[in-house]
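I have a structure I would like to understand better, so I am pasting it below and will then ask my questions one at a time.
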Amino acid sequence: MKKVLLSVRDLAKHFGGLRAVDGVSFDLHEREILGLLGPNGAGKTVCFNLISGVYTPTAGEIHFAGIRSDGLPPHRMAALGLGRTFQIVKPFSNLTVLDNVIVACGVDRYRSLARSFGGWTGAAVRKKAVELLERVGLADEADRKAGLLPLGHLRRLEIARALAVGYRLILLDESFSGLREEEIAPLMDLVARIRQDGISVLLIEHNMRVAMKLSDRIVVLDHGRKIAEGLPGEVARDPLVIEAYLGRGGSSRVA
Amino acid sequence: MNAYVVTVATLVAIQSIVACGLNVVVGYAGQISLGHAAFFGIGAYASALLTTKAGLTFWTALPLVIAITGLVGLLLGIPSLRVRDDFLAITTIGINFIVEAVFLYVPFFGGALGIGGIPRVTFFHVKMKGLPYLYLCLAFLALVLLVCRWFTRSWAGLACFALREDETAAASMGISPVRFKLLAFVLGTAMAGLGGALYAHFMRFISAGDFSFPVSVMLLSMVVLGGMGTLWGPTLGAVILVSLPELFRPLLEIRFLIYTLLLLLMIRFQPGGLLGEASLVRRVFSRLMPGKEAPR
Amino acid sequence: MLLEVNRLEISYGDVRAVHGADFAVAEGELVSIIGANGAGKTSILNGIMGLVPVRNGTVRFRGREITAMPAHRRAHEGIRLVPERARVFPRLSVYENLLTGAYGLRKKIPLEERLRWLYGLFPILEERRDQPAQTLSGGEQQQLAIARALISDPKLLLVDEVSMGLMPKLVDQVFDLLQSLNRDHGLTILLVEQNARASLEISHRAYVLETGSVVMEGPADDLLDDPKIQRAYLGLVEEEVERRQ
Amino acid sequence: MHLFLEQLLNGVAIGSIYALVTLGLTLVYGILRILHVAHAAVYTVGAYLGLLFFKMSGSLLVGCAGAMAGCAVLGIAIERLVYFPLLKYPPYVPLIASIAILLALEEVCRLVAGPYILTFPAELPFPSLNLLGVDIPSSVMGILCITAGILAFLWFLTTRTETGLAMRAVSQDLTIADAMGINSHAVVSFTFAVGSAIAAVAGILVGIYYNQVYSTMGSVPAYKTLAIIVVGGLGSVPGAVAASLLLGIAETLLIGYAHIPLPRDALAFLAMIAVLMWRSEGLFGSR
Amino acid sequence: ADTLKIGLLAPLTGFAAADGASVLNSVKLAVEKVNKDGGILGKQVELVAYDDRADGKEAVGLAQKLIQRDQVVGVVGGSYSTPSRAVAPLFQEEEIPFIAAYAVHPDITKAGDYCFRNGFLGMVEGRAAAYVAVSNLKAKKIALLTSDNDFGRTLAAGFKEYLSKNAPEVELVYEQAYPFKEKDFKPYLAAIKEKNPDLIFASGYYFQTGPIVSQAREMGITATIFGEEGADSPKFLEIAGKAAEGFLIVTNLNRDDPRPEVQEFLKQYRERYQIEPDMVGASAYDAFMLLCDAIRRAGKTDGAAVRDALAATKNYNGLTGVIQGFTPEGEVVKDVQVQIVQDGAFHYYGVVKDPAIITP
């Protein structure tokens, strides 16, 4: 059995009377790609925000990399090697694309105040950042202001930043949406390769082709609860999932 | 140089130092502050009290002054962790009003009479006044500019930029908002404290009104006019905003109207600041010297 | 032609997003624009809606030139946009967001009836009726944006990346909806969509946009069969392309 | 007990003066989210214009109408010439522009009307009242009634009319509001006109109440009203009124009973910071 | 040079612009009069006036300008305490005589022997007010409501000093300072009303005492209200309206003064500027004239000589009364006037001549 990297137990988040996440449990193993699927409003993004520390849970526990991590602020989670993207992209608009990535390359430098006074304009950091940009196919845009990029490029920038931070786990929130089919393929390769490097991935994706192909296992949420868990093939045949999420299925539109 | 020009230049240098501090808070870290004069005042009062009541010299007092203002900056920076944008602007205005009121109403700070008899700065037994004092202020300004430049090129500076752009995203990149916001506050207020000390020993008496809210407005105007987040912007802003009224001096009653109208026009037509992006200065510069970066 | 666009040019400062795009949409047509990231699709839709200034060229709607017409007047002429990334009014409630879609039209359209129709299509909107739109999930906001554009009974619907963030079941529903609106109600639609296959399947015609200009156009079925398109936009790998030939 | 009631009434009176000055600003602030410091200058100009027309015509009603019209035009001019072109810049840019406008208009008032304080010798046509043994003079009654009237009008406008919906939509996303068929620029101008006309009424009433009209009468309200709005919760009309009344009462009671040696404004800001630390989105605000 | 240059610093813009205007108006009249009478030492006098916005920072630069570029022979400080206090040491250092017209901060004259003041110190006026309150108005229970600035604070100190020394039986039932920008005094007045004093000493400017008086009367307070020179303005009467009747002030300008100098100035000022003159302008006028008088008596413009002549001033006939002379510290010695509002105008009520009170 592979080691568990992230374990979520009875996780809940309520907004007033609304139970956005309501008692969800699952495990994510090392070097695993886990798909987190579910209808719109199922609570997937809220789950991400709970795991990455943006929200504190109403109830439940999260264990990450051997420590109990619920309630830790986002920067502590980042320091533990968790990188993430945002469904609603959040670029540092007035910084260049390259600097956007360089910021993310500094996790270990932000760890202590003294270290954070070192310079960031050095060649080594730059090289690492450019490399990351090349991996996501954004090298040509390195010197443009991030705020001016079209949506598709912003998605890749998000991935590059997540890669720079997450040496253990990366959370991808619909990172493939807004991308052209042809552009999706290389990014799928990229995600597959990250896993080879020993990094786990938690994936929210409505593009079934991507989700089915990439995920080792899939967890399906609906109305804040887990309704299915299993191998991609099993989950796709689960009548509950088809009813709530996939619809008639088989349509080319959902690829 | 005659004494009048020296006086104006000294005031420009001092206010540049303070404005640079504000630039760290607002320009680099994106925390809008309309209460910077409070920290300017805290520096001035600290230095005045330490030299008049505790009998220290300017030089022995200075490190203490900077430490005190930095510490107060740390404390008063804490609200910025809780509130943002307009809420923060109002909070900082409030801090300015409260600090001014404390200076004015607490007898320890001299109350309505202020503090007088602040000694001149001596340097190897030479009393610094006139030109030498101007040089002293310019030296400190150079130091402050160096610190700013170094800060913008350090990871800490980059962290502040990222926080300014998007806090949630920055935090997810491992940047602690608490630490770096407070860092910017401490750095910015320490610079204000330095400026305050220089001011106190230049004027040689101070009262609460010298650090009232309009002064904060003036400081923010310097930063915005010069170019928020640029290195030289605050200094340029200080030069313009301090010397313009002097130029209009002969206009007597209408000089302040002309001055405000000019400020309005400059902001309206160079909203990114004179040294900011796409500003006239930068465009002219890049036409004259293609390939070279204009100063910022 | 309902909409005619000639030599359209749109720039942002030094960035030329669209240069010299020509295209037209006839009344009752469903037309797609496909293209890579940054090709300028969003810019074109925003240009037609009047949200970004047009540097050069003309936009004609129902034979009248509207190149300089402000956006709100274009909306009154019957052009509606489902914007990229939804862009709902964050602090208005779901219901109020829908009302903005019917701004100035309350007397002209049967508001209650249309609301009921939309709630039927997107039940979540009725469930979340009084919640501020910013607290909706990504996909829910997308649904709201679609409903907000449809409530006014437009003549020309501009749709930007409508499937983004929608779950598979809804993607199906929305495409069916667009197709039926077009087929059964004669609504003219200009569709921008990364999911090229889905959009081509329901479209009559399509334009292919590359770095700001139209490089190819034709009936949607032809494009679906074009090997170049298959490779570049439909995500087919080489064998599949060959197999289909 | 009697003293307490009297102090309470004083607090309510001051609070409703704050509310009066704040109401117009709430509207304007709400639509563009600009820290519109120059609103206080519009208020000052309103007081001067009101006085001018009052002296010319001898009728307070004419004075009011003239000032409202004049200020509406001034408000629209500020919005069109300065704020609108600066919208895409960060908020401190229009703030600085606004401060420059405030100072410039104060100077204009001083140069035109002279540096000396003018008096506003008009009577408000309201009855005085005796409530629980406390006299409410007609000036206070006037302010209370007019504040309540404006509040009701604004509440109706913003929540019960389509224009109000348009105003709220424009305040959140101007571009998309346009795409919905809302003439956002006209809505913004309309808002400025209404807000500025209310400022004129406030200027006149305060001028009569204290019997003083002078060029710097706006410099304290300029920032205090902004603070009230922010504490009330981002452009919320009831929030602004609640914050005004609370502030008026708190100030008065603090001055009357607790001998804290700090001036009114510092106390006010102290209270406001306390509120913000407790509820970072203001009293009636939502995030 | 063919003219004698005299400097003037006044707040022509900013919050104190009204006072600056009065000062400049009055001093201009003074300059005209001096020049019409043939100037000083055979030369015409030229006024060099600068606007200091009542701001210390600006004043320092302007002082340098007056000293270096304009080479003035003396300076009238027509501004508030903060700027006057900032510039006094500079003039002292350059040995240029400086007379503060009405600024009250004690440090101004402490800068040295070249610095003089033609206004009362707060202590003096406070003592005089207490004296009048006790001996003339027979007050037994007094409330103090003071403006919270340097003047108000020192006034209150003088007032209390007199009471504790000379009238310990008088009860001080209420004491409170109000901030400078206060406009609404009802919270204070309600508390005062509760204490039921027979006299309220309310210091402050006319835009403060005006509302105090009218609000007090509106609230049904009947006690005598007593103010100081800050209220010495026609604007007070306008603001307070009918409520002003019976209000008293201690000040240094007696409008009923029969001396022709005074009446001529009042008439000329009204004609020229279409507005009532006030105490600030009269004080600046006197300061300017004292300087001219001293230069004349010194017979030369040398700073030290003028200083000595100024210090030796004796019974100079000023608008603000007969100026008996200056103390060694440079503080003016003159009678304190008491005025009362009757039939909508300030009138003579009395004068305090006791040297123990009026000598600082």
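For reference, chains read A, B, C, D and E in written order, and residue numbers begin at 1 within each chain.
Following the convention adopted for this analysis, contacts are C-beta pairs under 8 Å (C-beta built on N, C-alpha and C of every residue); 3 or more make two chains touch, one makes a residue touch a chain.
Since the model is a prediction, treat every value here as computed from it, not as a measurement.
Enquirer: Touching chain A and chain E alike: which chains?
Expert: B
Enquirer: Round to the nearest whole Å and give the separation of the Cα centres of chain B and chain C.
Expert: Taking the average C-alpha coordinate of chain B and of chain C, the gap between them is 50 Å.
Enquirer: Counting in whole Å, what is the centre-to-centre distance of chain B and chain E, each centre being its mean C-alpha position?
Expert: That gives a centre separation of 36 Å.
Enquirer: If you average the CA atoms of chain C and of chain D, how many Å lie between those two points?
Expert: Chain C and chain D have C-alpha centres separated by 43 Å.
Enquirer: Which positions in chain B touch two or more other chains at once?
Expert: In chain B, residues 101, 104-105, 253, 256 touch at least two other chains, as defined above.
Enquirer: Using the touch rule from the top of the page, what pairs of chains touch, sorted by label?
Expert: Pairs satisfying the touch definition: A-B, A-C, B-D, B-E, C-D, D-E.
Enquirer: In their complex, what parts of chain E are in touch with chain B?
Expert: Going through chain E, the ones touching chain B are 12-14, 17, 49-51, 53, 56-58, 60-61, 64-65, 67-69, 82, 85-86, 89, 105-107, 148-150, 152-153, 179.
Enquirer: For a test of understanding, state which residues of chain C touch chain D in their complex under the given definition.
Expert: Residues of chain C touching chain D: 49-51, 70-73, 75-76, 80-81, 83, 87, 89-92, 96, 99-101, 103-106, 132, 148, 152.
Enquirer: Considering only the defined contacts, which chain D positions touch chain B in the complex?
Expert: Residue positions touching the partner: 33, 35, 81-82, 85-86, 89-93, 95-97, 99-101, 103-104, 107-108, 111, 223, 226-227, 230-231, 234, 261-263, 265-266, 269-270, 272-273, 276-277, 280-282.
Enquirer: So in the complex, the part of chain A that touches chain B is made up of which residues?
Expert: Listed in rising order, the residues are 52-54, 73-75, 77-79, 83-84, 86, 90-95, 99, 102-104, 106-107, 109-111, 113, 115-121, 161, 164-165.
Enquirer: Under the stated contact criterion, what part of chain B meets chain A in this complex?
Expert: Per the touch definition, chain B meets chain A at residues 153-159, 161-162, 164-166, 168-177, 179-180, 183.
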